[in-house]
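You will see two complexes here that share chain A, one where it goes with chain B and one where it goes with chain C.
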Partner chain A sequence: MNPYVLAILLSSLGLGTTLTFASSHWLLAWMGLEINTLAITPLMAQHHHPRAVEATTKYFLTQATAAAMILFASTTNAWMTGEWSINDLTNPIASTMFMTALALKIGLAPMHFWLPEVLQGLDLTTGLILSTWQKLAPFALIIQTAQTIDPTLLTLLGATSTLVGGWGGLNQTQLRKILAYSSIAHMGWMIIVIQYAPQLTLIALGTYIIMTSAAFLTLKTSFTTKINTLATTWSKNPILTSATALALLSLGGLPPLTGFMPKWLILQELTKQDLPIIATVMALAALISLYFYLRLCYAMTLTISPNTTNSTTPWRIQTTQTLLPLALFTTTALGLLPMTPTIMMLTT
Partner chain B sequence: MLKVLIPTIMLFPTIWLVSPKWLWTTTTAHSLLIASISLTWLKWTSEAGWTSSNMYLATDPLSTPLLVLTCWLLPLMILASQNHITPEPISRQRSYITLLASLQTFLIMAFGATEIIMFYIMFEATLIPTLIIITRWGNQTERLNAGTYFLFYTLAGSLPLLVALLLLQQSTGTLSMLVLQYSQPLQLNSWGHMIWWAGCLIAFLVKMPLYGVHLWLPKAHVEAPVAGSMVLAAVLLKLGGYGMMRMMVMLDPLSKELAYPFIILALWGIIMTGSICLRQTDLKSLIAYSSVSHMGLVAGGILIQTPWGFSGAIILMIAHGLVSSALFCLANTAYERTHSRTMILARGLQVIFPLTAVWWFIANLANLALPPLPNLMGEIMIITTLFSWSPWTILLTGAGTLITAGYSLYMFLMSQRGPTPNHIMGLQPFHTREHLLMTLHLIPVLLLVTKPELMWGWCY
Partner chain C sequence: MTYFMFLLLMALVVGLVAVASNPTPYFAALGLVVAAGVGCGVLVGHGGSFLSLVLFLIYLGGMLVVFAYSAALAAEPFPEAWGSRSVLGYVLVYLLGVSLVAGLFWGGWYEGSWVVVDGLKEFSILRGDISGVAVMYSSGGGMLVICAWVLLLTLLVVLELTRGLSRGTLRAV
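And then the complex of A and B:
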């Protein structure tokens, strides 16, 4: 893509999120979200491939619907209470509509159906931006309004997302769809605790961004998009395959890796709030996701190499990509658990 | 504690920086040094109290025998793996020993933990290296299934444990074992509390394993390479027993009634798994099921919460750890020579390997709890205390003892006596390394006969 166009689009992406972060008026927040949607649309369609264009269209339609609903919700609230401020979303109809719209925006179940198909149609870099950057602005809004939203709705969204994220990913062989369902599951964990301890939502979001970035960057470095090609990554970069296996187990939430931290803290908060049954249900639902992460580990690292391969190994060429972000994200995705007190202090 | 933990962590740079031809020698020597330093833990400065080293890690008479067993096992694992790992490329050899060393680190921190959540995290952390050892270095296609069973059985039990521990922290305000042993007994009287009780124990019962949830064990033990089998049988199962013993302190008085189904399952499991052993054709599977059988006895001993029960449980855990590991090493020697685990293919070995037949003999005698070995001490104590708890248990435990003797003798006669098949006449003779390995397993068992007080735990 033309570097000037790319610069405009990326800076618009940054602008949109920053605008939403900085806003206290609903119209400005909506504007930030719309700028994000519009800026990422050309990035998604840049390859002019029919599948990419289809994904772009689906993404645009869902995001536009969600944004329109947000506008409607905020206007309803303004009509009913006279307040345009984000912190004053007090009308129950407005807050429920708003939460549903935002659930559609970030891909929470049961409004998640667009996410796997959209993510599948994108190249890995744009998919990374979609999974990580595009979640920040909506979460800023959710955290600000979480206190006024019906608790049952939030718990329902959270628990359903974790279960859907687990069961949906079980039958997938395409890695981008697997990462989409993993995103849905992680969003569920973030939403369930938001009414009790929003800082844990931030921690969960932060660790999710780190781990997903590690996963996407690994796939980008080894040019793999499905499990079959994942099985030959050992020949391209053996050290990366072992590190990625651990990063996938971190996504699954196994101690002593970073992914355990949000799950532990969220379970602690839920038990503090006298919700042990929901805590147990969430914890066991995470096991379903772990199954397909483990399957990826098996395909990539844990089966004997170099003896039995089902295909010829690809040519190994020196890579032209920068590997520093991959190294940083992978290391952080594996080793951050002992820093839990520091991170908790940073977000309180 | 740090004088053992820091050398263990320094094992990682040692593994990766030493030159290839000194790798195995150096790691074996290093881990033997760590094992000998760990023996200093056996001197308890305060009876039944914690020989504390810092706020987070401490040892007491319950954890010390298990810690020494863990540290003792690392050089043995490295010795046992030497033959089948050496043909691989050097970085893979280093990765393998790194996995063993990381398992060791997590186990030391688990047994030494004073905060229950620390114990939990280390308990779970041991899953990842074990999973990698089983699935990456196992030899048959079934190893993937074995790894999945292993991971998911353990996690399905331990995630409710995490919630239960967080609930405990809510109600008592602390999860430090140092403090909880002096806390007021909890008022446990509702259905919710009963579910909490079950949540606290199921993870450890799955790990032990209890008979109904034991299916992961034969798969994992059989598919793992020899070091994996050794560490699984000797130490990882004992994590379950140790966890149960720590948690039982807080779970009174519900345990009086609620333990019934689990005790029954444990005792019935002794008979069932023992009987399965008599029909096995796969040598490692036989040893794995015998582990389930012994651990059933341990679970029964812990669940009735008497002093003899606890002491018998620890003694049997230590003795079984050493003996079971020895049996897996012996099975591996047969496997490395014939590349088959089927018992009828490696028969009559006494004729060609006479000294090894002695090791087989001693190991099998220990397995069937011959006096004066510590296996007998543990079993007798548990059987006696179960009898005093309810006389009817003698039917199950007595029959279990008979069946144990039956399959141990079967294992010995099948592998050592009888006609030697023609196809194994020309097998490679035993290496000194393998004899050393067996000696290092069996000498501690024999030495423990002379000072069993080391293993008696709190009731010394």
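And then the complex of A and C:
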């Protein structure tokens, strides 16, 4: 793409999220969300094949619907209560509509159907931006308004998302769809605790961004998008393969890796709030997700290498990709659990 | 006055149903014209005459005219208006939905009155909409600059999406 256009699109992506973060008026927050949607559209369609265009169209339609619903909810609230401020969303119709719109924006179940198809049509870098950066602005709004939203809706969205994220990902062989369902499941974990302890939502969001960045960047470095090709990464980059196995288990939430931190803290908060059944449901649903992460680890490391090969392994030429972000994210995705008290203090 | 506003609002709903029921884009543009026109009438009844004028001139007279010309370029040999079976199905479904929701929210004779944009009915020079525009240029200057940036961004997005004619993103270009 033309570098000037690319620079303007990326800076507009930054502008949109910053605008939503900095706003206390609904219109400005809506503007930020729309800027994000607009700016990522050409990035998604830059590889001009029909699958990417289809993904762009689906993404644009769902995000535009969600943004229109947000506008509708905020004008309803302004009509009923006269308040345009984000923190004063007191009308129950408006707050429910608003939560539904934001659930559509970030891909929470039952409004998740667009996410696997959209992610499948994109290349891995744009998919990474979609899964991480585009989630920040809606979450800023959700965290600010969570106290006024019906608790049943939040719990339903969270539990359904985790279950759907687990079950939907079970039959997938395409890695981008697996990562989409993993995103849905992690969003479910973030939403379930937001009414009790919003800082745990921030921790969950932060650790999810780190872990999924590690996953996406690994797949980008190894040029793999299916489990078939994932099985041959050990011959291209053995160190990365072993580190990725651990990063996938971190996504699954196993101790002593980073992914355990949010799940542990959220389950602890749920039991402190006297909600043992919801906590059990969430833990069991995370088990379903863990199955397909384990399947990826199995395909990558636990079956084939190291063994005697019956063909020549590929030449390991020096790669031209920048590996520093991958190294950073992978290390952080594996080793952050002992920092739990520091991170909790950072987000309080 | 109330009856007239009621007529305009009914026409608005019918126009929006005509757009949403998926006819040929040329007829959908007609539905948009009707909806925007009566929407302007509703705005005038509210006291927002300046905003209604701006809407008429810029939205109807600028953007919708351009859209109608572009839709005319994409003419079909067998256009589907609101009488054809598939479109009529959508029309009936939407009208049914609207009447259901209206029945749900129907109030008594005491519910709702037609109020204007600001407090005094007709005795002010600075109405709500004009002073809104003035505030947008003074206190809301930052938002205005961001709106200008978004307009530029939209131009670049559209140019990028249609770049490359039929080898690019949109093969129909």
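Methods note: the second predicted complex is superposed on the first by the 336 of 348 C-alpha atoms of A that agree within 3 Å, B and C clash if a C-alpha of one lies under 4 Å from a C-alpha of the other, contacts with A are read in each partner's own complex, and residues count from 1 in each chain.
Everything below uses one rule, namely that contacts are C-beta pairs under 8 Å (C-beta built on N, C-alpha and C of every residue); 3 or more make two chains touch, one makes a residue touch a chain.
The structure presented is a predicted model; accordingly, all values stated were derived computationally and were not measured.
Participant: Of the two partner chains, chain B (first) and chain C (second), which one does A:L19 touch, if any: first, second, both, or neither?
Facilitator: After superposing on A, A:L19 lies in contact with chain C but is clear of chain B.
Participant: Look at A:T41 in the shared chain and tell me whether it touches chain B only, chain C only, both, or neither; answer first, second, both or neither.
Facilitator: The second partner, chain C, only.
Participant: Have a look at where A:N87 lands relative to chain B and chain C in the superposition and call it first, second, both or neither.
Facilitator: It touches nothing on chain B or chain C.
Participant: Quick check for you: in the superposed arrangement, does A:Q321 touch first (chain B), second (chain C), both or neither?
Facilitator: neither
Participant: Is A:I8 touching the first partner chain B, the second partner chain C, both, or neither of them?
Facilitator: After superposing on A, A:I8 lies in contact with chain C but is clear of chain B.
Participant: If we overlay the two complexes on their shared chain A, which of chain B and chain C does A:M31 touch? Say first, second, both or neither.
Facilitator: In the superposition, A:M31 contacts chain C only.
Participant: For A:L254, select first, second, both or neither according to whether it touches chain B, chain C, the two together, or no partner.
Facilitator: Once the two structures are laid over each other on A, A:L254 reaches chain B alone.
Participant: Touching A:V53 in the superposition: chain B (first), chain C (second), both, neither?
Facilitator: A:V53 contacts chain C only, not chain B.
Participant: Using the superposition on chain A as set up above, list the residues of chain A that contact both chain B and chain C.
Facilitator: none
Participant: Which stretch or stretches of chain C touch chain A in the complex?
Facilitator: 143, 146-147, 149-150, 152-154, 156-157, 160-161, 164, 167-171
Participant: For the complex, which residues does chain B have touching chain A?
Facilitator: 91, 95, 106, 120-122, 124-125, 127-128, 131-132, 135-136, 144, 147-148, 151-152, 155-156, 159-160, 162-163, 166-167, 169-170, 196, 199
Participant: Touching chain C in the complex: which residues of chain A?
Facilitator: 1-2, 5, 8-9, 12, 15, 19, 27-28, 31, 34-35, 38-39, 41-42, 45-46, 48, 50, 52-53, 56
Participant: If we count contacts the way the header does, which residues on chain A are in touch with chain B in the complex?
Facilitator: These residues of chain A touch chain B: 238, 242, 245-246, 249, 254-257, 260, 264, 267-268, 271-272, 276, 279-280, 283-284, 286-287, 290-291, 294, 298, 301-304, 337.
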